[in-house]
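What follows are several structures.
First chain A sits with chain B, and in the next complex the same chain sits with chain C.
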Partner chain A sequence: MKSFALIAVILTGWLLLSAVSDFPDWGDTESPANDYRLSQHYITETFPESSVPNMVTAVLADYRGYDTMFETVVIFVAGIAIMSILRRKPLDHLKDKGKETRTYKKDPDLIIDTTCRLMIPIIQLFALYVVAHGHHSPGGGFQGGVIFGASFILLALSRDLQAAQRWVPEKRVLNLAGIGILIYSGFGFACMLLGSNFLDYEILHKIMPATPVEARSHSMLGVEIGVAFTCTAIMFSIYSNLASNGDMKETL
Partner chain B sequence: MIDQSPALILLAPFLLAIVLALLGIKREWLCFPLVIAGLAISVAASVVTLMRVIDEGTIQYFFGGWEPPFGINLRVDGLNALVALAVSTVSLLTAIYSKRAVPAETSDKVSQFYTLYLLSVTGLLGIVLTGDAFNLYVLIEISALTSYALIGMGSRRATLAAYKYLIMGTIGASFYLLGVGYLYIKTGSLNMYDIQEQIVANNLHSSPTIFVAFVVIMVGVWIKMAFFPLHSWLPNSYTYGPSTTSALLGPLVTKVMIYVMIRMILTVFSPEFAFDQLDWSNIVVWMSVIAILAASISALSQTSLQKMLAFLIIAEVGYMVGGVWLTDEMGMVGSIYHIIADAFMTLCVFLFAGIIFTKTGRRDLSAMEGLFTKMPLTMVGFLVGAFSLIGIPPTAGFFSKWYLIQGGISSGHYEYVAALLISSLINAVIFFRIIEIAYFGTKPAEGHGHHHNEEHKDGPKEASFSMLFPLLITAALLLGIGLYNQEVVAIITNFVSQFNIGAIIL
Partner chain C sequence: MELFEALSTKFNYWIYIIIMMIGLYAMISKNNLVKKLIGMSIFQTAIILFYVSIGVKEGATIPILYHDQVHPSHGDSHHEADTGHGEDHHPSHEEIVANLHIEPDDFGNPLPHVLMLTAIVVGVATLGVGLALTQKVYRDFGSIEESEILKSIKSAK
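Moving on, here comes the complex of A and B:
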């Protein structure tokens, strides 16, 4: 069986490599991917059409915004899937409104605790910067969301999962993730309600203090924030489910 | 509002999935009505879209208002309007069935299950409707991730089956993505029609890159549709998952992937390239013959009802792949018609299997003893599905086989015709054995195994209305699609004839 797998791998590798000589040269400006009207349009028309200086953001959140919405859904689904398979205890407690009081299992270590106390606010501030500055520099909702989620994971690592859960309990995680997608698709559905196509942000200038072109730029920031919500929540959810082996009590 | 109909097909279940994720945890009673509402809107929008396609021809819908190739579009023609209607109808019927099955099988995670269910349907509908090759990959990811979770929520063995499916499914999806990457290197575009135009304009049909892209995409899609040697993930996944999952994924996933294969061959690579230039047709038809025979014989040896049906799905995949590669217009029409017919007949028998499993808690064939007296209506529904799988007129299964056999004869692939007939005979043996057990078998002894219900009195004990209703509707639809096959085939022929497949001479 193993040798069969090896043959399959070698065959696939040979097949994929056999076309390499047919590829355009590395960095060739005449190659189809660079030369075709698609990439030319993105390079020359992005700013006039959407007033966003970073064309990667514009392609991601506007031209191909429909893809990005579903990429966010992929992250959401991954979180829900991991939760629904790993979570061993019934999720009935999510229905209760009352808060459970929990106590720390161990005393926080002085050095680790102090360092994290200093680092976590900075990490979170930087995450917000990455989300907000995605229009101008590399960044955006996915990256910012992951950084923000990492700050909660750091909190859970430095103390324990219970401490981090005080800030982001399971119920809030689920709500945040759902709200993130709701923000994204809300922009799309708002466009539909105003009489345009799904995610056609231009029409939103009717309800925004902006010109049609600026409305695209503002809406892109809006959907990036939605992406950031989902990423933050799901990052932490995946960590806490995997690290606690699905019982959400003790980590590692 | 009419203009938005193609987008609403998939956005309605999508929006309600999010609403359900936010509201459903605390209010479990909301889940079922929301699912039904979302899917009902989806079915209505599919019907409207199909009517528009018949009237106006191909419909385009531009997301974000960007015309292709700059943005992503939905492109709906006769082929995907029909498949989308089949997908949304099947998922609505399964959702009705799930009313009692889901709380019984996944009691503590009802809202999560339904969220994933709606997102899975969104993914499948998105695959069917999109006109963008990369967008198709994103939606394959969504439908695949949700199905791993939906299967994994079943029994302990389901988790292992889902893990196997995850590995195989990821390999398949990665192959598809690699293929799209290779296409992009050579064409610089991601829109399906634009890729085709670029291939023709730059005379790329002889390019090795395009060849590798085609091979890789086909292998990826074959893994995802469980084409015979690549099928190992399917049987256990559809056997041990929750019964609602099997009734949703069993009819839909493989058929949607066959749609993807047809779309890739006809729209992206063009039939001349796939059938004429590559000269693979004979090999693939022989592969499908082996697939049909091997899967049918495996089905014959199964003792578990679900597993047997899973092997029948693999055999049906062989029918459709073979029909597509016959290089014959009739074969292509038959395959597309079979996508729709097979979606409903698989749904019919999986709903039946689900009802039996909920009633008796068992998967083996002897669970069906004496069902004709206990559940006459359920058995009527099952009989229609079984007759359709065997191919007895006037069910839909008969007509699809009729077209496929016609295609096989006119293209001279008699081995394919023989495989179809042998497989029909094997199906007949399988289903008449079940009918025999259900009709002549002794009634089960009292207190057998783990019964869910109070089985203390004789006489009819039908399944609850929410389970019986979709089964009978599916049976009626099977007869309807069969009796009105000419109308359906007219739409398909109208679509297929533009590609002039018959003119390709091997």
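Moving on, here comes the complex of A and C:
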């Protein structure tokens, strides 16, 4: 099996390497990807069209809104899938056998406890900044959501899973993940109700105190918040299911 | 010398192919399911490297406009002279756009960044589902070694 794998890998690698000379040079501004008018349009017209200086967020949340919406659905489905694969009732009979005598109610370590107590609020504040400022500086819903979820994972690591679950119990995880997608698709359907296309944010200036151009910027912030909700919930759900082997009792 | 030139101008493709082949080899040949998943992750990283390196432009910055371009009122006396409102005046969007000049070669290509942002999310999702399946396999078979799982499947028949 190993020699077969080596032959396959070398063959594939040789085929790919023989095509390298046809690729554009590193940093070539004239390469097809960089010279194509779509990417030129994104660079020059994003700010005039949507008043958002961060082109990546503008393309993500506005021009390719469908893609991002179903991306959010993908992580939602992944979270549901992990839950349905792993989730089970805690195995009480294991404890009766006396095999699992590890005590999970450890006394919290002073240094770890104090450090995490200081770190977690700052991490969460930073996550909110990354979400809220995502269309003006590097950031956005996915990144901020993952940082926010990581703060709960840190809480679960430093104490135990129950401490984190007091803030995000399983029911709230599912609710938050669903609310995120509802916020995103709600913006799309609001555009439809006002007589425009799905996710065509410009029409939302009718219900927002903003010009059509600014409405696109504000709507991007709105859908990013939806993405952040789903991301936060699913990241913590993936961690808590994987770390507790599905019974939500004991962790690492 | 020619080979060195070919290597130096296209080194990003060489690196991505090497990393990708490491991941592919791990996925095919490793016996342990978690090691296979690590291989898949390495494979995805290679694809991300490939796409991001395609969007690079020589001498360009990240695809975010400069603060001075978007808020030209700071240190730019042009608008104040026009309107006479003093330092409190904020130029409207139309005024900013009229004075805005963006050179496409000054900013990196945003499209590969967007595509890879979503690819990273898919990567996290697939890795999570893969790890969950591995845990389930361990629960049912007591092992995550492929050969031992196949053995216990055969003996169950």
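Assume the second predicted complex is superposed on the first by the 237 of 252 C-alpha atoms of A that agree within 3 Å, B and C clash if a C-alpha of one lies under 4 Å from a C-alpha of the other, contacts with A are read in each partner's own complex, and residues count from 1 in each chain.
Criterion: a residue touches a chain if its C-beta (ideal position, glycine included) is under 8 Å from a C-beta of that chain, and two chains touch if they have at least 3 such contacts.
Since this is a predicted model, take the numbers as computed values, not measurements.
Peer 1: Give one of first, second, both or neither to describe whether A:23 is in contact with chain B, with chain C, with both, or with none.
Peer 2: both
Peer 1: Under the stated touch criterion, which partner chain does A:174 make contact with: chain B (first), chain C (second), both, or neither?
Peer 2: first
Peer 1: When the two structures are overlaid on chain A, which partner does A:197 contact: first (chain B), second (chain C), both, or neither?
Peer 2: First partner only, chain B.
Peer 1: If we overlay the two complexes on their shared chain A, which of chain B and chain C does A:85 touch? Say first, second, both or neither.
Peer 2: The answer is both, since A:85 touches chain B and chain C.
Peer 1: With the two complexes superposed on chain A, say which partner A:185 touches: chain B (first), chain C (second), both, or neither.
Peer 2: first
Peer 1: Tell me the contact category for A:39 with respect to chain B and chain C: first, second, both or neither.
Peer 2: The answer is both, since A:39 touches chain B and chain C.
Peer 1: Could you tell me if A:47 is touching chain B, chain C, both of them or neither one (first, second, both, neither)?
Peer 2: After superposing on A, A:47 lies in contact with chain C but is clear of chain B.
Peer 1: Between chain B (first) and chain C (second), which, if any, makes contact with A:5: first, second, both or neither?
Peer 2: second
Peer 1: Based on the A-chain superposition described above, do chain B and chain C contact any of the same residues on chain A, and if so which?
Peer 2: 16, 21, 23-24, 31, 33-34, 38-39, 42, 64, 67, 71, 74, 77-78, 81, 85
Peer 1: Which positions of chain C touch chain A when the two form their complex?
Peer 2: It is residues 6, 9-14, 17-18, 20-21, 24-25, 28-29, 53-60, 62-65, 67, 69-70, 93, 97, 100, 102, 104-105, 107, 109-114, 117-118, 120-122, 124-126, 128-129, 131-133, 135-136, 139 of chain C that touch chain A.
Peer 1: What residues on chain A touch chain C, complex-wise?
Peer 2: Within the complex, chain A touches chain C at residues 1-2, 4-6, 8-10, 12-13, 16-17, 20-21, 23-29, 31, 33-34, 38-40, 42-44, 46-48, 51, 53-56, 59-60, 64, 67-68, 71, 74-75, 77-79, 81-82, 85-86, 136-138, 140, 142, 211, 213-214, 231, 235, 238, 241-242, 245-246.
Peer 1: In their shared complex, at which residues does chain B touch chain A?
Peer 2: 4, 7, 11, 14-15, 18-19, 21-22, 25-26, 28, 61-66, 69-72, 107-109, 112-113, 115-116, 119, 122, 126, 132, 134-135, 138-139, 141-142, 145-146, 148-149, 152-153, 159, 162, 178, 182, 184-190, 198, 202, 207-209, 211-212, 215-216
Peer 1: Going by the contact rule set out above, which residues of chain A touch chain B in the complex?
Peer 2: Those in contact with chain B are residues 15-16, 18-19, 21-24, 31-39, 41-42, 62-67, 70-71, 73-74, 76-78, 80-81, 83-85, 87, 90-92, 94-95, 171, 174-175, 177-179, 181-182, 185, 188-189, 192, 196-202.
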